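Both complexes below contain chain A, partnered by chain B and then by chain C.
And now, the complex of A and B:
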């Protein structure tokens, strides 16, 4: 086999204009994505880099998203370096896919684009009837959350100071996949740290007993998951679910004075997706996803010097998951209907999706058209509309001002 | 209906004159042509539209194909198709495992943007292949035992004297009825006429050029014409290699991902 060098990528400038007042949404976007690879016999070296640009400030930032070395022995593959993993059988929303943190700036994109690359060692063993994958992340990695972004309504005002780093940074993931007649089934295990921070301690000021400082950290979370793909008549069924057990570790902080309270959380929660898809004779792909999340058991309490204090003294905060799909923050039960297709010899592609909040009124509508008059060039027009129930804390209501029209140009090379 | 009557009388009249050789015999002779154990090929598919607005517009796809054929065991063949152009879908790949029993083909699709290998429902073989006039069936070898063959007569195609053989699926299938033009000199397939359920001429595949590479005949240029909408697709082989000893592992999820 000869050595091969590959270079490919895309340039994708676009603008997003609010539908409410026609003002521009000023968020960074990946102007350039570049994939480069070098392959020789059983070895690959792969990189994925991006230039992230913000129109308003006209500033660009280089992002080395992936850089890894891959070795392909006869029995499987071994990869080492900064990489993006992809677990889960469902499309776009994958409760089992927690090996990499999410990049919330791109949460409405699909696939690897929504993730942050992490340094890891992964190995997959393939046999005729099953495959086993093991992944080790030596360092803790957190979600990229847009703080203090006026144009992203869900963005927290300030980046909180994280007082507590994870006690144990090493994370381990394990996947076992096997094929049955006309179906695939996978089991997943992941032991790591939350990707988003949560409350660890409250410190009462010495000057005023009502002045409480909240300190955050990343809980330890273990996930067990499974997915299943099968075919029923003309339909494809994809099911994916995960159960998470998250625990706040006990605080060992000698710097703390005696006037602190410790929030101890031990929560079992789940996230799941049931997807049904159908492709018409004209290659129009229709897909429906039922997305849900629920708390199975929770034990949340405040401790003072190791003793539980009554909930009347300190309010028990509502549990917030630090791992799992970001879409869980929109609704505990939602229906997502998507379709995509092509027209005119693939010159036009159309995509549409609707997400309905099944618990409260609220919806998200997205529709996009791409037109490619010349090979590898495409004009893109898309709109995203949110509609909430009017309550201020409702994520769909908060996102209403993010409703926008997007116009862009895509060049693939 | 007129066509049906014509074809029936045509079949009867010519079958009398060719009693000594049967359709099965012609197909068997065609199958005697040496067949490689594996193929590695790059090809270009150009789509020609019939509409006035797009008369002069052509769209093309560049693809890489590797195929391994088995003589025994549970598999008949394994095939991997990978997009090279358009660049937007570069790396999109389809893996097909075709089994002897024809019932449970397995198919996986690798989508580079998602970094995912998706198990997909075995495509209805009559469905169009990626917007072209070819179907998935055109890329997967059909077991000759699944059809009944009748010799219809002779015809000339591009200067080649050909046998006309009708292939009719024994069990109900999307393949329907096809008429083969098989040349009398080398027993190579030169043309296929596809009849739809209403016995109308639906499509015609014309194979213009064959090149002999070692002992194997390679069709280097084919055109599939859709007679119902006037569109056509030309498939040109850019390069081809045979019997490279492609390993089984090339037809696996591992290799599907390795792009």
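And now, the complex of A and C:
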């Protein structure tokens, strides 16, 4: 048997210019992505690395996004190392896809590039009628959030100090997939920790009763999910949903002062996507997604020395999910309509999408065109526009100043 | 059990020459059955180049590797070029009792996506070949009518009109197939759209490997779009003992050596 070495990747410099004042948006982007692999018989060694660059400061940093070893026995596959997993049948918005944290710098991209690789052991068994996958993450990993980024309106001002580490770092995921007559159905289970932090304790200063220090941690969350793909006439239906049960663990911190309060959250919430897609005779793909999230049951209370205190003395904060799709922060009910197609033998590709907030006014519009005059080279022009309801807390309003035009060059090798 | 009449990668043997040459009184269906009953390889592996040429004469090249068994009923294809499609892979499994299964591995998404097999008229990789063009034709799902014999470039041919019956979902009204009388391989086919207007003209070249005549080149011209596709098999091997387990999703993720 011959060993095989493969090298491929892309170079993709681009600039983003605000539509409001033509100023440049200063955020990092992946200038170079490099995939390298070594295959021998039933074994693969794969890496994915990136050079992340920031134009304004002209600084680059190396990112080892994936490095894993894969073994392909007759019955399936086994992979060990830093890797990115992708769960869920819907496009781009996947409530079940929680094995890897999100990289919020790339939240408006699609695909595996939106995720952060984690050390994990995974194994998939294939039979004629079903496949089963088990994934174990030995260490906890959190979302990469762009703290203190003036050019990313949703970025928190400062990275909060995390006082409480997860009690159990080991996370487990399980997937079972089977095919019915003309459909695929999958069931998912994931037990892990939130990817975004939430409030654990509040400590009232001894000097002033109004001076409150908040301490954060990562809640324990268990997810049950499912997805379904079927075909109705010329339409493809993809549905995906997940129910999460999240709980703040009991605080065992002897270093806490007497005047601390403990926030105890026990919340059951859901996220779901219903996608309908259709391809026209001209190979234009049209897709509509109804995206929703809701709180099914919640029990949130402040405790003092293990006893519930009245809510009048401490305000109960609004629940914030620490897992699931980042788009849930934009709206509890939204409609996303997308289209994509190619013209002139793949020389021109076009894509557009619009997201409408169905609960309040607010929208997100993007349109992009790529032109490839020479094989493997492409010029890219895209625009993204946000429109909110004018209220400062509204994410669409906050993102209005992020509306931009993006011009880039893509070279695949 | 339905018999298959596969346009692509169809094979035959020299032994058929003699029986075929005596078959001048056959009906269209009987000719189709003769073609269908030709011996075919257990499995087929090939590397191919697909050149798309538009009305302005501008070309674009795709390269791919493909393996198939069971008369192309199970097929896995890995795309090598263009570079932005490298690693994309396609798995097709045809079923007699339910819709075919088609899945694509999208490396940028690290995801296997099930796609519809009902839109058989959709273009395959932006070429002039549709998924329907690449699929097997089940004998009993088509109606055959023999037309007057013809000679193409010195080759005596049967001419058979093939119309999809109401048992099959087709984007075509009919095909006209020119079948080499001596080898029983299809050398030319015209495909007509639902309005009865000529849509595609396909020319086939075959090559003998072991005891089989296997398609080595197909040139398709979409006469309505003035666009053409030339699919050339650069390297072809048969009966290598390709295992059924190759046609699993996990193998979409690995480019073959």
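Remarks
As a working rule, the second predicted complex is superposed on the first by the 412 of 413 C-alpha atoms of A that agree within 3 Å, B and C clash if a C-alpha of one lies under 4 Å from a C-alpha of the other, contacts with A are read in each partner's own complex, and residues count from 1 in each chain.
Operating definition for what follows: a contact is a pair of C-beta atoms (placed from the backbone, for glycine too) under 8 Å apart; a residue touches a chain by one contact, two chains touch by 3 or more.
This one's a predicted model, so the numbers in the text were calculated from it and none came from an experiment.
Following the overlay on chain A, a clash is recorded for the pair chain B and chain C. In the superposition on chain A, contact of A:249 is made with neither chain B nor chain C. When the two complexes are overlaid on their common chain A, residue A:317 makes contact with neither chain B nor chain C. Within the superposed three-chain model, A:44 lies in touch with chain B and with chain C [touch as defined at top]. Legend: residue contacts after superposition of the two complexes on their common chain; A:2 is shown touching chain C, with no touch to chain B. By the touch criterion stated above, A:352 is placed in contact with neither chain B nor chain C.
Within the superposed three-chain model, A:408 lies out of touch with both chain B and chain C [touch as defined at top]. Within the superposed three-chain model, A:368 lies out of touch with both chain B and chain C [touch as defined at top].
Looking at the shared chain after the overlay, A:236 reaches both chain B and chain C. Across the superposed pair, chain B and chain C both touch chain A at residues 8, 10, 44, 72, 74, 76-77, 84-86, 89, 110-113, 124, 126, 131, 179, 181-182, 184, 229, 231, 234, 236, 279, 281, 283, 342, 344-347, 375-376, 378, 410, 412-413. Across the complex, chain A meets chain B through its residues 8, 10, 44, 70, 72, 74, 76-77, 84-86, 89, 91, 110-113, 124, 126, 131, 179, 181-184, 229, 231, 234-236, 279, 281, 283, 342, 344-347, 372, 375-376, 378, 410, 412-413. Per the touch definition, chain A reaches chain C in the complex via residues 1-2, 4, 6, 8, 10, 35, 39, 44, 72, 74, 76-77, 84-86, 89, 110-113, 124, 126, 131, 179, 181-182, 184, 229, 231, 233-234, 236, 279, 281, 283, 342, 344-347, 375-376, 378, 410, 412-413. Residue ranges on chain B touching chain A, taken from their complex, read 47, 49, 54, 59-60, 85-88, 90, 104, 106, 111, 113-116, 118-122, 124, 127-128, 130-131, 249, 252-254, 257-258. Within the complex formed with chain A, the chain C residues making contact are 52, 54, 58, 60-61, 82-84, 86-87, 98-99, 101, 106-111, 113-119, 121-123, 126, 227, 245, 248-251, 253-255, 257.
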